[in-house]
Amino acid sequence: MFYHVKELQYRSKPECPDPVYAKKLQEILGGQFGEISVAMQYLFQGWNTRGDGKYRDLLMDTGAEELAHIEMLATMIARLLDGAPDVELDEAAQNPVVAAILGGSNPQHSIVSGLGAMPSDSVGNRWTADYIIASGNLLADFRANLNAESQGRLQAVRLYEQTDDRGVKDMLSWLIARDTMHQNQWYAAICELEAKENIVVPSTFPRELEKQEVAYTLFNYSLGNQSAEGRWAHGPSMDGLGTFNYVEDPLPYGKKPKLNPAPPYIHDTPL
Amino acid sequence: MFYHVKELQYRSKPECPDPVYAKKLQEILGGQFGEISVAMQYLFQGWNTRGDGKYRDLLMDTGAEELAHIEMLATMIARLLDGAPDVELDEAAQNPVVAAILGGSNPQHSIVSGLGAMPSDSVGNRWTADYIIASGNLLADFRANLNAESQGRLQAVRLYEQTDDRGVKDMLSWLIARDTMHQNQWYAAICELEAKENIVVPSTFPRELEKQEVAYTLFNYSLGNQSAEGRWAHGPSMDGLGTFNYVEDPLPYGKKPKLNPAPPYIHDTPL
Amino acid sequence: MFYHVKELQYRSKPECPDPVYAKKLQEILGGQFGEISVAMQYLFQGWNTRGDGKYRDLLMDTGAEELAHIEMLATMIARLLDGAPDVELDEAAQNPVVAAILGGSNPQHSIVSGLGAMPSDSVGNRWTADYIIASGNLLADFRANLNAESQGRLQAVRLYEQTDDRGVKDMLSWLIARDTMHQNQWYAAICELEAKENIVVPSTFPRELEKQEVAYTLFNYSLGNQSAEGRWAHGPSMDGLGTFNYVEDPLPYGKKPKLNPAPPYIHDTPL
Amino acid sequence: MFYHVKELQYRSKPECPDPVYAKKLQEILGGQFGEISVAMQYLFQGWNTRGDGKYRDLLMDTGAEELAHIEMLATMIARLLDGAPDVELDEAAQNPVVAAILGGSNPQHSIVSGLGAMPSDSVGNRWTADYIIASGNLLADFRANLNAESQGRLQAVRLYEQTDDRGVKDMLSWLIARDTMHQNQWYAAICELEAKENIVVPSTFPRELEKQEVAYTLFNYSLGNQSAEGRWAHGPSMDGLGTFNYVEDPLPYGKKPKLNPAPPYIHDTPL
Amino acid sequence: MFYHVKELQYRSKPECPDPVYAKKLQEILGGQFGEISVAMQYLFQGWNTRGDGKYRDLLMDTGAEELAHIEMLATMIARLLDGAPDVELDEAAQNPVVAAILGGSNPQHSIVSGLGAMPSDSVGNRWTADYIIASGNLLADFRANLNAESQGRLQAVRLYEQTDDRGVKDMLSWLIARDTMHQNQWYAAICELEAKENIVVPSTFPRELEKQEVAYTLFNYSLGNQSAEGRWAHGPSMDGLGTFNYVEDPLPYGKKPKLNPAPPYIHDTPL
Amino acid sequence: MFYHVKELQYRSKPECPDPVYAKKLQEILGGQFGEISVAMQYLFQGWNTRGDGKYRDLLMDTGAEELAHIEMLATMIARLLDGAPDVELDEAAQNPVVAAILGGSNPQHSIVSGLGAMPSDSVGNRWTADYIIASGNLLADFRANLNAESQGRLQAVRLYEQTDDRGVKDMLSWLIARDTMHQNQWYAAICELEAKENIVVPSTFPRELEKQEVAYTLFNYSLGNQSAEGRWAHGPSMDGLGTFNYVEDPLPYGKKPKLNPAPPYIHDTPL
């Protein structure tokens, strides 16, 4: 169950309105690695955790925090849209800034949401649960989380570079710091699980059931062997259970498939 | 540029048709972590790599391999659908297997694809590029790849448990082994980059620009402090640049937001 | 900002596992009018409210409650999936219940989410923000909310009819009662706003700017005049500003459109 | 069955081409509350109506009219795109209007549709049936319709404010007036059904089966009690069957959930 | 503008309810090549036609007919769902038909649409305008139409094979015949345009601007030269302007691409 | 199985960066008829082909080539984004080109992909497998392919008109030429199959089972008889099996449908 307090986790107020930046900032609210994604991902992982309370609690702690980040960004976007000018094409002739606003702002911010944030990314794609993952396997999912925080911090940093507004930069400096923590925390959780299991997910599948002769082979399917220079091509494998090997000219192991004809009720082309 | 050979990377032939399993197997062909996803993800990452040839080559090697895996699964699904019975509801009264097939198979396998594989998951959602990521930042993207191979191997293993067909299990033992390699290889590449940079992505953002006082703090937003027991709550941070701390009763840092009224041309409720 | 407590708003435990019902119950978790939809809709409306604190508070109160409902349903679905049998096609010959489970359960519940709830509806469509609305105009949005609670309660009632499990029915009796309250509350808020404004949204557009001669006309475009029997065809209009009238044989007011040819750089068929 | 006449329901001709406005106008053609949505929503509701002819006829009358509105908007958009300039980036240096057009127009209007309207919204999202609802319950659905006409008229009014073109404003004055009628008609139909049933949908579920003790309670989950000031917090409920009450410090009714571990064939993290 | 008559274009009544078949039949109502797709495709093509009245009229004639087909299928599906049993898992033990219905019917038909048709395909994917095309170029679009009628008739025929209900078969015999006509009519229109232009769309692009040396070459990228046996590999090209040639061992014409490093504000991995 | 070589099929290098054009060019990479669509469509058709090797080989030859086209476009887009300026709103006042770039470029190119190509169209919609078709019936599918190459060449030609960059035009001249070949090749394959079967797909459905009396009739549902002037209205049908006829005033063949009331457990409005 959730309680809401009206105070923001951190302040979220721009120096000036800027509808073009409001459009861009939607990316980390409603994009693939925006705050909606991490909130929903951590909450669903938490609700689906079967077992150990420590990980479930960490997931719920962080999921609840991400809800606060959605709120901060929604507030910031509404303020960036404050007094957004109501401009028309012929005004652009007088004023290149008007031209930029006409082109660079999101028309749905005035037509659809009434100068409010939308659950969408920076080009207007609505948020979709296609973005999230909760598999029940904690090591797999913590890797998904480490990736999400890496992509998310990267996007926040790129957005930080694209504005001079001190209010926006102040808020982003908070979100970027929290992503630093979240990368650290998922990293710590991953280390703990990898130490107990093995690095290969899932760790419980009997290795003798997999085709072991190709479990540590790099097949060179893109001709040119620069990839042979990497750690992944030689020496003991990272999981400690094998040895990497490199196949420069890989051949097929299978034969040409020959499918049976379709039965008549399928009405394919008669051949 | 690509060349295709008609031989399969590995054989892909079931002992018996099984349209119910064909439906399930679609998950690792066209689902969120199916072979289409990894193929497209690695190829786009490779094409967008600006710089070092070793990583680009590794991405293209693996992307090309994943195309071969789409092919193996498409072939397997077509064969599992071979001679799929053309059954009707009243036949179910005589035969529970017919009932199971009626319910458990994907109607689009007969109506739409003519007993062929579809670019869809196990419940029929069409594959979408929402599933993939290519950010240009290699450490971020290799984490995405490690996650994809973890989720993918997990799903393949779960599917392995759901059949007794030796032909299907044989093919899955190949794919599972390749996922073992791919987890190992992305892990190796990640270690290499983390050693050169730092674990926090992106490593190039000046730390003094982030809100450092909360960069290593775990806020306990889900009441109950089991999460304080983890490595992430105390001691040096994983990136070596700070110390974890735990805030049991976190308070807001911001104030209640108060938005300005909308201008008249937005026609909100007058208040 | 949000705090989470681990206790559920209300208990959520089935008498018995039932994977077929777990699939169905996804509808009111992740479907068009499921709990994710109302939670996100009310929260976005609240964050975007510019002005009066009473409505904003009501939206945030209710949005936070809906998060608790997502949690209850996620918990119920995980428990309905507890010990879901790991069945194969040939077992169906022995047991029609196995056949029903094979056909009637969601394969992603075992392959993707590891016996956890998914952010999807009862046929597997992932939740999308296409489902929600937050326009900034409170009367419009409260109507959206009244609709959402009407559709949502209807679906919960239909699901109530489809199970005998007393644990499931107990939880649904809670959700149905809350939908009763929510219908009542949005109804009350609508009455308040309609009394201050007018029933036509937005109330601030000058009526003389609309084509007043057709503002209260029912055009009979589906031949047969049963629709003339309704209150909407005769008498004073509901907004008190006009009189309904019925046009039995409506004619076009416009002319045949004739579009100009496309310029050559468009390369249409030359005509 | 449908007959088409080539004359438009109302004229639809701009004074001047304006590709930037053409992009915006797509919102009320192919957006969430555009004309495709209401046409499909009313037609599907009509086709699914089981019973009383008066409501079915009203739905089909209005659904057929909305098809004519799609046609008017498609025509208007094609004309706004007439002779759309074929501009390049370097021309923007000379002319801010060119800059605005480059940025503010939809590239698919020239590349994909050949200067024609598209079944998309103002940012290019394709129309999806996710937008519509037809539940079979008429009171629920008429509420959906009243909402759709409220959102739709609001968007049309906002678009009216964003142009000076008298031809466009003339057409919008028609559509806005029709939305006035449609809000009035669904309002009338709702009143009729609420008088016969009750305001709570569905009216046929026995009230004793819902958790009556919380059927009229407002839980204050967003701390701060401004919401206690509303009609929804005190006094008789709107459905006449209860009394509103306000719980300032709501506590959980349920316990912490504890899920069983997953079975081995799911291969979760071993704990 | 459109008029609706309540009579169906053709009768649409099954002998018996069959909810499993109702689910399947959704494919040709709301699937990729269902009636919604062709209706919307032809209408949008008609509205966007700039020029010759004959083709515009044909498009509008056929678009209006397809609306009648949506109506017939919606009616049929509602009737196939009539009296759909309200079954539970434990009843399946007694009755394999119950098991088949539990598994093979669409749960949204009872929970969401109240035993009505939905704007979805046979696995529940909502209809999307991604399915349709209207480019402004009539020859291109008539080819899209010929394809749509080919795929649509194929699916209708496959569905015809999957039922014994004489009422359903009767209705399908109508739709299949209409698809025969529609294939014939688009074929005729294509022949007319190809005779006036050329078979290559668009016909107006100066051939000297394309890379003529590869305009009639078949590159053998899938090793093995069975494809050399076809008409497309040798002899005069179908457009009469060149000669087909076959390249058995195709080599790249381009060089390895080398991308510039990203600028610092992009924060890629430093290399 | 696939091998990749690092050389491009054809060179792909612009004279100058142009982020606005990069956004547009996404259409033929990741749009409905972009290179991802044709690659996936041909490969899936090839994998699903049951029978004749000649067609399967042709499909795989062409599918593999389209992968090379994705690669060329991804490379071109990355280069068009090279050194894309990092501009802000206030700079637009000084420079209309900045204004155009702010408005006309895709924000995800800097925030999400790090100046790389995305699997999206020119307005940012992610690629979806909704775009492709593989039915198993070769004649139907070759028609889909001819359409795809027609739409694709049309879009490439329109893009050719929208740039003066000689590098871009050079690459497009290659792609346009290849589309010329692909239209020719599918045309040839279609002719071959039509000569063996009949033009109506599928050719194997017994004609006496369709409603023959309406198999060659044009119903004039859009009033006005310009459509009577076409070849499709009179004379022998294109399939040689009937005679076209024109019905100027088409009447319904069916009756008004009357649906049964819903059962009580559906909880529709009581009527």
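By letter and in written order, the chains are A, B, C, D, E and F; residue numbering begins at 1 in each of them.
Criterion: a contact is a pair of C-beta atoms (placed from the backbone, for glycine too) under 8 Å apart; a residue touches a chain by one contact, two chains touch by 3 or more.
Fair warning: this is a prediction, and the values are worked out from it, not measured in the lab.
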Most widely separated chain from chain F, with each centre as the mean of CA atoms: C
Rotation in the CA alignment of chain B with chain F, degrees, nearest 5: 180
Pair sharing more residue contacts (C-beta pairs) when D-E is set against C-D: C-D
Centroid spacing, where centroids are CA-atom means, of chain C and chain F in whole angstrom: 33
Averaged-CA centre spacing for the pair chain E and chain B, given as whole angstrom: 29
Sites on chain F at which at least two other chains make contact: 1-9, 32, 48, 50, 57, 60-61, 63-65, 68, 75, 78, 86, 95-96, 99-100, 102-104, 110, 112, 114-115, 123-126, 128, 130, 135-137, 139, 154, 157-158, 161-162, 202, 205, 221-222, 224, 252, 259-260, 262, 265-268
Overall pattern in which the protein chains touch one another (line/ring/star/complete/other): complete
Chain A-touching residues of chain F, taken from the complex the two chains share: 1-6, 48-52, 86, 88-90, 92-96, 98-100, 102-104, 106-108, 110-112, 114, 123-126, 136-139, 193, 196-197, 202-205
Residue ranges of chain D touching chain C (in the complex, touch as defined): 5-13, 32-33, 46, 53-58, 60-65, 68, 72, 75, 78-79, 82-83, 86, 110, 114-115, 128, 130-131, 133, 135, 137, 139-140, 143-144, 146-147, 150-151, 153-154, 157, 160, 169, 173-174, 176-178, 180-181, 183-185, 187-189, 191-192, 199-202, 205, 209-222, 224-227, 229-232, 237-239, 242, 244, 252-257, 259-260, 262-263, 265-268
In the complex, chain E residues that touch chain B: 18, 20-21, 23-24, 27, 31-32, 95-97, 99-104, 121-125, 155, 158-159, 161-164, 221-224, 252, 259-262, 264, 266-271
Touching residues (chain side chain A, partner chain C) in the complex: 1-9, 30, 36, 40, 43-44, 47-48, 50, 57, 60-61, 63-64, 67-68, 70-71, 74-75, 78, 112-120, 126-130, 132, 134-137
Chain F - residues contacting chain C, complex: 154, 157-158, 161-162, 265-267
